[in-house]
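Both complexes below contain subunit A, partnered by subunit B and then by subunit C.
Entry: the complex of A and B
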């Protein structure tokens, strides 16, 4: 196990270097920099602009800035955000956590919707129920998630106006959040999370449901399932132990790549629901060319991708005894 | 000894009975005679706050910017723009021919944590703002032509400001917010600029934040909302005209809405109390909601012009194209361009009728300065006059396509750029190009990337990389309404003529530069505005930049709040209300 992790760590270094190089210089390709809008401000003198340029290191050539940034990063310092004048990690970490809450919630809902539906579709193949599920899911798959979210918000607003229920349609906490008990605060956050998480889970569920259904059908026709059935195991065991366990192997292998995809993937929904996740902040950072904030976030996403892949390798070994990590 | 004790007692007695600042009754249209107290003013903000630290903050709306509401040695009276002593006890004693100001500080003022506000707080704040390692946004306001303004503490309640030269902006410059010496001074003395920058980050608990002003931070949730509570000690020295402590409100909250449309939606849903009205569309939506009965709000369109204008500038430094350079340097050409600009159509079409025509670098909102320059020439829309002027330059013939040509048969054409994505400016440029075509001038109008455009505009040298640019500036002061970076030769935004040596090219430019500094050094309001009038005259004649139109300011607020300014005092400069006099009905 440990040699495997070490090997993965060493392998990740060139990946990270290349990614950081690419992201840093791609950002540099855009014209202007963080201070360009300040040049149009009649109240900022050229002396102060020069001083700010010096303070931010923007007066140096790009390669020097890059080396300086990399040097700092090896010491765990991701640089200073121009907008916030604070270390990048301090600023983005709370936002990443917020995004992660939403991502995890939607992941749980996603699997608890997709797996039963997929298994049901395989067991009752082409039944009216299976067909109905397929039609609804394909219909939802056709909508981009943010558009679905807008429609949902519209209907919630109508519902609010009609019933007077206080259903949250945006943000992460209510106005009276500070006065709630810890349990009340947890409940308040869950209340705000559930709708965006559900929208995301449902709109994505169609894909996975189809994959599980197909995999299940294939495995169900294999010899060992027929053998198991012939041995007289219960239908429940035949499906969940013999079929499902084998059918999900390719899905488990793909879980790792979900981690970074989820954080950036909830993006559109965060914007629509005014949720304080990473994407709204990142969009502002890109708009203002807050170099180190963008670069720092991208590096963290790359690290998450690498970690995610390691996790899925380990998970694969857990569910499939034939695979060994080392 | 006895005498000393007596003096000490007398001092204590005066400080205890120090007079408060009384908000004139005329500052609000709706008196809070029932003394209704409590409640929350709910506002929206477009993007998340970036810091709590007043020395590193660079945003328009900010946390320190909210907490310095209700501070400053002097404050402007919205009735006549005059400076009243505010945190100062009285008008300053001016000596050294207008360069030295001795200011007595009002006694009995306290920070939100109960510590007295004294001279040390101003001295520390000034020292930190002027340390270039801190990178404060206010750095420039403590210098005049690169020479520092110095501040000396004469005693605990007396400050002496020494200006390197006479400055009309002296009162504004002296009116910065004093931040607590017992927080920032301590850190600065121990750890320098780096220690100051580490203070009051977004991670700092709100209980550690100390405010000199009306509000103090109560809670902050990144990306969601910030809540401010009233500073309990501020009401000791701020009273309404009936002697009641201010503010009436208990709380002020900002909700992060993310974008302007979401802000409007929140206002229409009654979730925030005021919102900026951007255009005719916003006004129409709000009007519909009020008429439909779903929103109880007051809407006042076209309250005043905004402190902003769009303009066109022609590049005088085009060594690579002598024909265009000669043309752009010809005053008759620029006057013709001003005659071509159909400002009325621009207001009607691009701004939906909600705008104001502008002819000078002074925005129409600064009405006292505009009145002083009433005799300055305007070259308003008149295509016949434009054709006449162009004929004088030598453009008399038109080619088969209807464009004017010179003797060599070369078409009169130039490129005009603006920043892509700004639909208003794109429409202004389109209207100008269409009108220009009518007299036979070919304008190649192209929106380009904003950052590229700024790079071109602020470039220096004998051959700068643009023909003409359409852009806008905003901001400015009602004390001396000319841009320090715009009017004098050699400055950053002297956009039309910016050679390597920064020299003026024409007599009017030199005159404008001279008048700019002369007016800036005039303390008397009337005399200063008269100088401004001469400056506007020189500017009008030279037409260095063709000013076009600016948007208007509209007011909208929910009926649950009262205490707004009388209609005559509302404008884009003083806005709709003083938060101190605002109350929940």
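Entry: the complex of A and C
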């Protein structure tokens, strides 16, 4: 298993390098360079500008600039955010963590919705329950997640006005967050996370439920499940041990490719729910042409996604013993 | 075992034989849901084409003297309140008053009636940019400029939301589809090139596909958007968003095309064409790419909904169409204005979202129908 993982890690290095090259190239395309917005900013002194120019080698040809940029990044120096007047990493790291919490929460809910529904649909194929689930999910496929979120907010607000319940729908923490105990703080964050995460999970669950249902149906017709049934294993074992474990293999293998979509999907909900995640900050960064910030975000999320891919490989190796051999 | 040749040659058969598309078409016609989806889409596109005629107002008309910010929808009455008899449809003109307790600007209907005329003269427009006209399907005429129909209410600048929604359909319905078409062409070209030239070209293209898949698409789009200045030409912005969407989406198709081309290249009919002396271009276009037709038709129709959703998402985030143009997603971003709580005061700004849902559903029904029609296992 270790050599398999090492091989996957080594394979991902060129992808990462090329991604950074692409990001750098796109930023080079932008009018002016990293410092153009900074030069217009009277708050940045000329000494600071000169230091930046020297650090990032902006007076040199483009390929040398790229090497400087990469070299600086390896030392954890992502440059200076012009908008916030601080090193980029200090600003973006908490934001990235916030987005990761939301993504993780939504991923858990996503699977705990899609798997039972998919398995149910396959086991009770064409039953009224299966048909009802299918129709509702088909309908949900058409909803953009942000629109679903707006509708949910509308109804929660109505509910709040009607009953006076305090259901949190915006931000990540309550106003009295600082005064809460550590456990209370955790609970407070969870309370704020659950609604956006649930909305995202529901709006995404339709696709996966259909895939799981189809996979389960296919595996249930295979010879080894019939053999297992003939041997007299219980229905529960036949479904969960013999069918389900084989049916989810393609899904586990696909987690890696699902992550970029997940991170993008989280972005829309962050904007709707005013959640302090990556995307709201990126959008303001476009307005202020804060290029180091945009580049830093894109590079770090790409790295995280590649790590996520490796984790999904480990998961696949756990679920499917054949992977370790090959 | 001996096999006997049929007595007559098969020549009499062609009268009943069907082409692949013939079979698919007859299968498709049996699918009622898919037909409904297709019909509704034709309706939507007709609506978009004649948007300036159907909309009672111009694309970006608003009064600077009588500000009707978030004007509520005006219900249309057809009964005279005094006599109770049928009359020409009319709406009441609304007046505004600041509620001194809540400091919210409140709209209340006055007693002034605004009759609705059909086929009224109004704003000038050009259908398809070619045919000028001033005729509108309905409107309140020019007698009283403060008289206006707000079927869906008003938006942030006091413009008629119904007009804006109808105009927005022109953008929402075309950008997504256009982007899918362009990215399909890019995907086909790139995949075919990778398979055909092999070596360095193959490695480069496939690496690029991997890189595009590795960067989260939303961030890639934001990054690419930041290349262009904020205050770009509104028309150019539409082309830009079309190009960006097409650029990020071709990877998956290129990968499939490459795999298919590589396996087809080894097959007998390609060797036969080579033996007959066909050139590379002819083999590619006449022999190899046609094997992908079905796959491409199906993926194309199934990926359109995703692109429409993505386009609406980008417009919602404010990196899509620029004023005065707007798409359904852009109209939804008004629900965000003024904080969370204000959405309960103007739920009608959510209406454009249902147009997105409806369009996406129609495309899904159509796409599923096409997929089943081309799938030999699902023939009835």
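In this text, the second predicted complex is superposed on the first by the 271 of 326 C-alpha atoms of A that agree within 3 Å, B and C clash if a C-alpha of one lies under 4 Å from a C-alpha of the other, contacts with A are read in each partner's own complex, and residues count from 1 in each chain.
The rule is simple: a contact is a pair of C-beta atoms (placed from the backbone, for glycine too) under 8 Å apart; a residue touches a chain by one contact, two chains touch by 3 or more.
Keep in mind the model is a prediction, meaning the values are calculated, not measured.
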item: Touched partner set for A:302, first subunit B, second subunit C, both or neither; value: second
item: A:124 touches, of subunit B and subunit C: first, second, both or neither?; value: neither
item: Partner chain in contact with A:271 - subunit B first, subunit C second, else both or neither; value: both
item: Partner chain(s) touched by A:7 [first = subunit B, second = subunit C, both, neither]; value: neither
item: Which superposed partner A:30 touches (first subunit B, second subunit C, both, neither); value: both
item: Which partner, subunit B or subunit C, touches more subunit A residues; value: C
item: First, second, both or neither for A:177, with subunit B first and subunit C second; value: first
item: Which superposed partner A:284 touches (first subunit B, second subunit C, both, neither); value: first
item: Doubly contacted residues of subunit A, that is, touched by subunit B and again by subunit C; value: 30-31, 271, 274, 289
item: Footprint of subunit B on subunit A - complex, ascending; value: 30-33, 36-37, 39-49, 51-52, 55, 83-86, 90-91, 94-95, 98, 171-173, 175, 177-178, 271, 274-277, 280-281, 284, 289
item: Subunit C partner contacts - residues on subunit A that touch it in the complex; value: 14-16, 18-19, 22-23, 26-27, 29-31, 138-139, 141-147, 150-151, 153-154, 157-158, 161, 169-170, 257, 260-261, 263-264, 267-268, 271-272, 274, 278-279, 282-283, 285-287, 289, 291, 294-295, 297-298, 301-302, 305-306
item: For the subunit C and subunit A complex, residues of the former touching the latter; value: 207-208, 210-211, 213-220, 222-227, 229-230, 305, 309, 312-313, 316-319, 329, 332, 335-336, 340-341, 343-344, 347, 350, 353, 356-358, 360-361, 364
item: Subunit A contact footprint on subunit B (complex, rising order); value: 47-48, 50-51, 53, 56, 58, 132-133, 135, 137, 139-140, 143, 146, 197, 201-203, 219, 221-225, 227, 253, 256-258, 262, 449-452, 454-455, 457-458, 471, 473, 475-476, 483-486, 491-493
